[in-house]
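Just dropping this structure here.
To keep things simple, chains are lettered A, B, C and D as they appear, and every chain counts its residues starting from 1.
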Amino acid sequence: MIYLLLVGAPLLVGLLALVVDSDERRPWLLPFGCTIHASIVAACWKTLPGPAMNGWFRIDDLGLIVLSLASVMFLVCSVYCLEYLRLRKERRNRLFTACLSFILASVSLVAVSRHMGILWVGMEAATLATAPLVYFNHNEKSLEATWKYLMMGSLGIGLALLGTFFLALAAIPFEGRGDPLLIDTLLSRAGTLSLPWLKGAFIFLLVGYGTKMGLAPLHSWKPDAYGESPGVAGAILAGVITACPFLGILRAFQICAAAGLSEFAQGLLVMIGLLSMATAAVFIIGQRDFKRMLAYSSVEHMGILALGVGLGPAGSFAALLHLINNGLTKGVLFLSAGNIHRAFGGKTMDHVRGALRRAPISATLFLLGFVAITGSPPFAPFVSEFSILRAAVDGHRFGVALGFVGLLAVIFIGMATTVLSVVYGIPPNSDSELSAQGDSPLMIAAPMVFMALVVFLGLWLPGRLTAVLSGAARLLNGGAS
Amino acid sequence: MGQLSQLLLAFIVFLSLYLLGSSSLTGCIKIVALQGMCLGVLPLTVRAEGFHPQGLLLAAGMFILKGFAIPWVLLYAIREVKIRREMEPMIGYIPSLLIGAALIGVSFALAERLPVPAGLRTSLLIPVSLATVMMGMLMMISRFKAVSQVIGYLVFENGVYLFGLAIAYQVPWIIEMGVLLDVFVAVFVMGIIINHIARAFDSISTEKLTRLSD
Amino acid sequence: MMLLLVAVLALGVAALLSGLMSRHDRWARNIVIAGLAGAAIAGGTLVWRTLAGQGASDLLWPWLVPGAVFHIGMDSLSACFLLLVLVVGCCAGLYGEGYIAGSHGHIPATPARFFFLVLVGAMALLVAARNALLFMIAWETMALAAFGLVSCEHGKPEVRKAGLLYLLCTHVGSLCLLALFALLGSNAGSLEFSSFAAAPALPAAERAAVFLLALVGFGMKAGFMPLHIWLQEAHPAAPSHASAAMSGVMIEMGLYGLLRLLSLLGPVSLEAAFFLVALGLVTAVFGITFAMAQRDFKRLLAYSSIENIGIILTGAGLGCYGLAKHNFFLALLGFAGAILHTLNHGLFKSLLFLSAGAVYQAVGTRDIEACGGLQKRMPWTCGLMAVGAAAICGLPPLNGFMGEWLIYSWLLRPGIGHGIFFAALAAAALSVIGAFAVAAFSKCYGLTCLGQPRSEGARDARDPFWIMLGPMALLAALCVAIGLFPSLALHVAFAAASDVVGQARLTVSASLEEWSCLLEVIGLFGAGVCALSALLWLFRSALLRRREVELGPTWGCGFTAPTTRMQYTGSSYSMPLTRVFAAALATREEVHPPLGYWPGKAAFESRTPDPALERWLPVLTTKFEEWLSLPRRLQHGRLQLYLLYVSAFLVIILLWKL
Amino acid sequence: METLKLVASYLVMLVFAPPVMLGIITKTKAVVAGRKGPPVLQPLYDTLKLLRKGAVYSTTTTWMFRLGPVVSLAAVLAASSLVPLSGTPLISFNGDAILFVYLLALGRFVTVTAALDTGSSFEGMGASREVAFSSLAEPALILAFASLAYRSGELSLARMFAPHGGPGSAASAVLALGSLFVVLLAENSRIPVDDPNTHLELTMIHEVMVLDHGGPDLAFILHGAGLKLVLMASLLVWLVLPEMPVAGRVGSLVLGLAATAVVIGLVESSMARLRLIRVPQLLVAAICAATFGLILTLR
């Protein structure tokens, strides 16, 4: 029942948005739907609902983390959208509003599903629903970005489907007895899975969902899509929609670990994680477009997530924590970047200088978000990144630790150069008729909320959250659910 | 009925090879429609235990969607495009045919490594599906016209679906339907985007879509 | 221990309030002063109690962040540095109010106030932190606050450049520290400092790694050569009260970190000790040589900070030598010298920066060649600057001499330095440094304040208000006081050093007595010098009372029409020495000599760039850029190839792993 | 009683030794040049005359200019209490050698700043040369002190500059002596480093710094300079001179000082002033000599 609500409520809101025919009133549906969703999630936190529909749906700790992250992100972003869509009167926002709700619905589906097939369906739905967001600006560049996003997304999702089938084939040995794509079945009979097929399944799922997630070298669509879509869409993409494929990979990893393939899976994850960080570092250095820079930073952090999971229990805990921290911080960054983009009508260092003068609060938030995302205390990402480093050192993976720290340093240098030149200095043509647009109350309120959360999590990790995180980490490393 | 399934599978591979070799967009669309229909028939022949209602339902849905709906969408998408031919693909037709052949070999080699799942009447299914997947990817990679890329994606999807046949009896049919629906919606969206591309650049060649780069 | 929390909270709350009160300037000012006062009182009491031996027990709160415990404690080492933080922080903060008001809006008041208070608070918390995570949080807050101060006037391009450079350096340093603590934590099993001390000894390789990481991480902040590159850029860029706090206290925090780590991990190897001493001397010589060559007096001061850090590091290295030899007396003496000099440097360097700031604000330039004749126009500022200059040269009646004298005694006194050859050479190097310091600061003070004004700005400069003069006067008074009555400061330094060495107070006190006697004798000597001068002054005035004393122009050696532009310039003043080190300094000169029988305009322009920043670093960065340009081509915008990446990657992994 | 005698003799030395020594130097030079030369006490007469004169101050100058001579003389006087001027020093403690060096530095600092206070480019020139050369002379001094300290086992002038026996110490003592002598010439601006009675401002070092000083100030400065010379010379004397039975410590010191003065005179009359570019080389040579002496000591 509660699952039906989780998925259905946003779905209905989305359909309603398609029906309502007034661009002024339609956006108000978003906060409405998100509030409902959030309250349901809160209820989930109070009591974890049991399985439903012959075990196809159940929330475990992993799902709960993703679900709550999505819910919070959407709630705050929907408030931002009110103001944003009011400022973008020239665009019809029907599709935009509807698709946002659909994304929430499909994300919830992914989070609560215990069935790899349903998980895939939800993922594909999310992918498709995102395309209109990327294409919101309706210009040639956004068209190109959308095309690339669609093609690569579809390829990746197709590969993921292939991986899912591989998983089912790996389950052939227990023919007939139970659904071979039901995670619980797979876990319980993990011992009897045929390893070659399982390996194949993991590889396909890693590459497929990795493409959606934006791990290097599968990330090529990311800078374009993030760069051309509006800031709020960027926040949703980077914060929520990357979390779903990550969940998919985690499921696969869970099964591999249960089947005793954790060595193999961890090796792959560490490799691809470091590769992603290195790629991000290469492209962040000297990046002149700050939205593309954020995209590459997202690539970097996807890499960090993979790396963390590849480093065993402690690392997994840190990675899951980082999933949350990265999402929230990306929320700050993309929303404030969107404000700056609009205040200057450009997003490259040639157009944008001295944002601190034209859009002071957004610029400050952008600066703070940058400091946070690069892992400086007292902000939340510091805790998770430091924990990952500790995990690497504790495991005596000194090479990995060295690479991790070195790449962080390089990336910091690259980002700092861009961010500071955006924030500081004197605006190019000091006509401040735009400056009014820069800081409008709701549009700085949203990133401020994210910032507050980031600082809070950096200084105080609630016990319940810690419990859930460690529970999830246990699940990942062969613990019983 | 094993013979029939063997024939169908061979025919599917042949069709993908043909696609690799042909240049006319409308032609390609028709071919891929034909391939879709074959896929629709195939499940009735592959499985040992033969018919059961949900299987029939799936086959019907398959037949309609892949055989008629999707091609119609594509044709709709390119209706106002003048040039209906893939002029010079990134990889020429002959080379792509050769690569396709090579890929077939590779897929058989890969299939050797994997234990054949029990309960399949034909061992051809897996290598053929792998080959189709790879040739679809090859087509996505080697063509400039947006539509040909979508066609490549369709071939790729068909390959994946073929693979799905190997386990069709275990995966609940609702999920199969969901998969099918998703694919259709995907192609639908792609069609819309192609339509926009055609309007924006008054051609559907993706060569113009290289402005975003570092 | 609550007192510390009170102090930190007072600063933090004041910071927030002053940020909120940005509309009402007077309120904000009062809030700042109140916060500083509160912190001074609370922290001062705590310092006093701790140094009096009645240390408070640690404060230990559970903290729901993985690996973290809110654990603060106070020992003499912490108290010593906390004292420095409070004194310099309060003086600079008070001065800052006047400075901000006097800048006529050039310096944005709100961020300057906010970040300054945060900086002081973070440093106060830093010295008390007993948990690695807490330490790092305080450390990074300090670094970021300092960054905010440096880039206050971000309208100017050079300020932006300096801010960026500082941010990069400090972050690289912090990352090294993170790795360091991760390493120690994995060995000890927790991030508590106490557990570091209790943990089993690391294997040799990891020990070396720890040493290097600590050296880079803390050295980046302290500015050991060649990690100093941010220093001479950031200090001139920051508002003067900020640069006073940064140069007087913040860079010393790097040394605090090193000392704290030593107190936890025990002795380093003998080679490491030698290396530290050598590094310290190189840093010091480098710093003072480049200080001599500067034209911008704030740059000059920044370089001299590098020099003093070098001297302090030398002392610390000597202490490490003692530890390595298990000779606690040696260790104690070395560390005491280092710490005493740290205290002194904090005092006179902030004094100098504050007076330099006053001059900058009055004249409107930092160029020594454009100043001059200020002593007649702003007598108080220049007089205080003279005190600071004499102190930093280590001249007897002032505090600078004490720490250096301890280090000299370590090196030269037979039975201590064991007549080691390197000790004598080190002493010689120290003497070179001292002599160069005289050269550099007679230039800094003499050519800035004395003679005749070389520019309009200098001609109508005026002394600032009491709010700026008062703190300077206080600092100068402290310099003189420590110079005349050094034994109290010595006791503090020895207490702190005993914490580093890990010896009980009793064993310390024996050697402490002798040294405090000696220092008192030196203090008496200083007093004697003052008394003699006073006597001679009276004698002179008695003589002159009955004779006619006339005023006239400076004798031009027969030249009848001297102009102020014909005075000796700073560059020519330091020329005899810079010529000797021309190869190392690589001063860039632009000479347009007068040509022909009726020469037109001639010009001479000289600038001494920092070698590490402008000669060595670019080599690396250009190479790096070349590397990066290759993989960048991969993001070319062709969708087909992107798809190819995916499939190729897939195939590769399949073939590799399946 | 003892202390009274000590202080008395100290005062005598402080007042009379400097002018007399300077007098002897000039006398020697005159004799070598075949002239009669001024009387030996002439410098004393000059000083007294200056003390009786008025003063002219430049309008540019400030209190720094007036403070300079006073403090520099005070510093040298204070330093003199560390040197066994009358057999034993007034004060002596372990490590006073460093104090001695830095007191001299204090004197230099104030003299230099006083010179800069006049704003005259000539005095600026002199000041810059002074600091440059002394900063090369100081390491030589310290190194020499180091070897002597290690040799004598204590870092106090009284012990360091007492005659010592022992293997190898002779050679090192000679080297230390040589470097100290060079330092003495440099610090007290004698030929070959500087020519005290040239009259071309462009070539002078110490004298040009005090161009604007007159009256009592100049008297202080001259006396201080002479006293500095006496101090360093007496150190040399104690280094080499065994106590003479007849004269007692003070007497032997006086004789030694006279001898040193004669030697300096001979040096000054036998060689010409070096070009300023060459001066650093001389000082670096002194540094090398001191280092070598140190090695010998430690061997």
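Everything that follows uses one rule, which is that a residue touches a chain if its C-beta (ideal position, glycine included) is under 8 Å from a C-beta of that chain, and two chains touch if they have at least 3 such contacts.
Just so it is clear, the model here is predicted, and its values are computed rather than measured.
Undergrad: Using the contact definition stated above, find the chains touching both subunit B and subunit D.
TA: C
Undergrad: More C-beta contacts across B-C or across A-B?
TA: A-B
Undergrad: Please identify the chain with the largest separation between its CA centroid and the CA centroid of subunit B.
TA: D
Undergrad: Please work out the Cα centroid separation of subunit B and subunit C, and write it as a whole number of Å.
TA: Result: the chain centres lie 70 Å from each other.
Undergrad: Once you find the CA centre of subunit A and the CA centre of subunit B, what distance in Å lies between them?
TA: 30
Undergrad: Whole-Å distance, subunit A centre to subunit C centre, using C-alpha means?
TA: Taking the mean C-alpha position of each chain, the two centres sit 44 Å apart.
Undergrad: Mind checking the centre-to-centre distance between subunit A and subunit D? Centres are C-alpha means, answer in whole Å.
TA: Taking the average C-alpha coordinate of subunit A and of subunit D, the gap between them is 78 Å.
Undergrad: At least two other chains touched by the same residue of subunit C: list those residues.
TA: Subunit C, residues with two or more chain partners: 632, 635, 637, 639, 643, 647, 654, 658.
Undergrad: Counting only residues that touch at least 2 other chains, which ones in subunit B make the list?
TA: Residues 113, 137, 140, 149, 206, 209-212, 214 of subunit B each touch two or more of the other chains.
Undergrad: Hey, what residues on subunit D touch two or more of the other chains?
TA: none
Undergrad: Let me know each pair of chains that touch one another.
TA: After working through each pair, the chains in contact turn out to be A-B, A-C, B-C, C-D.
Undergrad: Which stretch or stretches of subunit D touch subunit C in the complex?
TA: These residues of subunit D touch subunit C: 51-62, 64, 66-67, 70-71, 73-75, 77-78, 81, 91, 93-95, 97-99, 101-103, 105-106, 108-109, 112-113, 116-125, 127-129, 131-136, 138-139, 141-143, 145-147, 149-150, 152-155, 201, 211-212, 215-217, 220, 276, 280, 287, 291, 294-295, 297-298.
Undergrad: Write out the stretch or stretches of subunit C touching subunit D in their complex.
TA: 372-373, 375-376, 379, 386, 390, 393-397, 401, 405, 408-409, 411-415, 419, 421, 424-425, 427-432, 434-436, 438-439, 442, 445-447, 450-452, 518, 521-522, 525, 528-530, 532-533, 535-537, 539-540, 543-544, 547-557, 562, 564, 566-568, 572-577, 580
Undergrad: Quick check: in the complex, which residue numbers of subunit B touch subunit C?
TA: So the residues of subunit B touching subunit C come out as 90, 110, 113, 134, 137, 140-144, 149, 206, 209-214.
Undergrad: Inside the complex, what are the residues of subunit B that reach subunit A?
TA: So the residues of subunit B in touch with subunit A come to 113-115, 117-119, 133, 137, 140, 146, 149, 153, 156-157, 160, 163-164, 166-167, 170-172, 175, 178-179, 182, 185-186, 189-190, 193, 196-197, 200-201, 206, 209-212, 214.
Undergrad: State the interface residues of subunit C toward subunit B in the complex, per the touch definition above.
TA: So the residues of subunit C touching subunit B come out as 632, 635-641, 643-644, 647, 654, 658.
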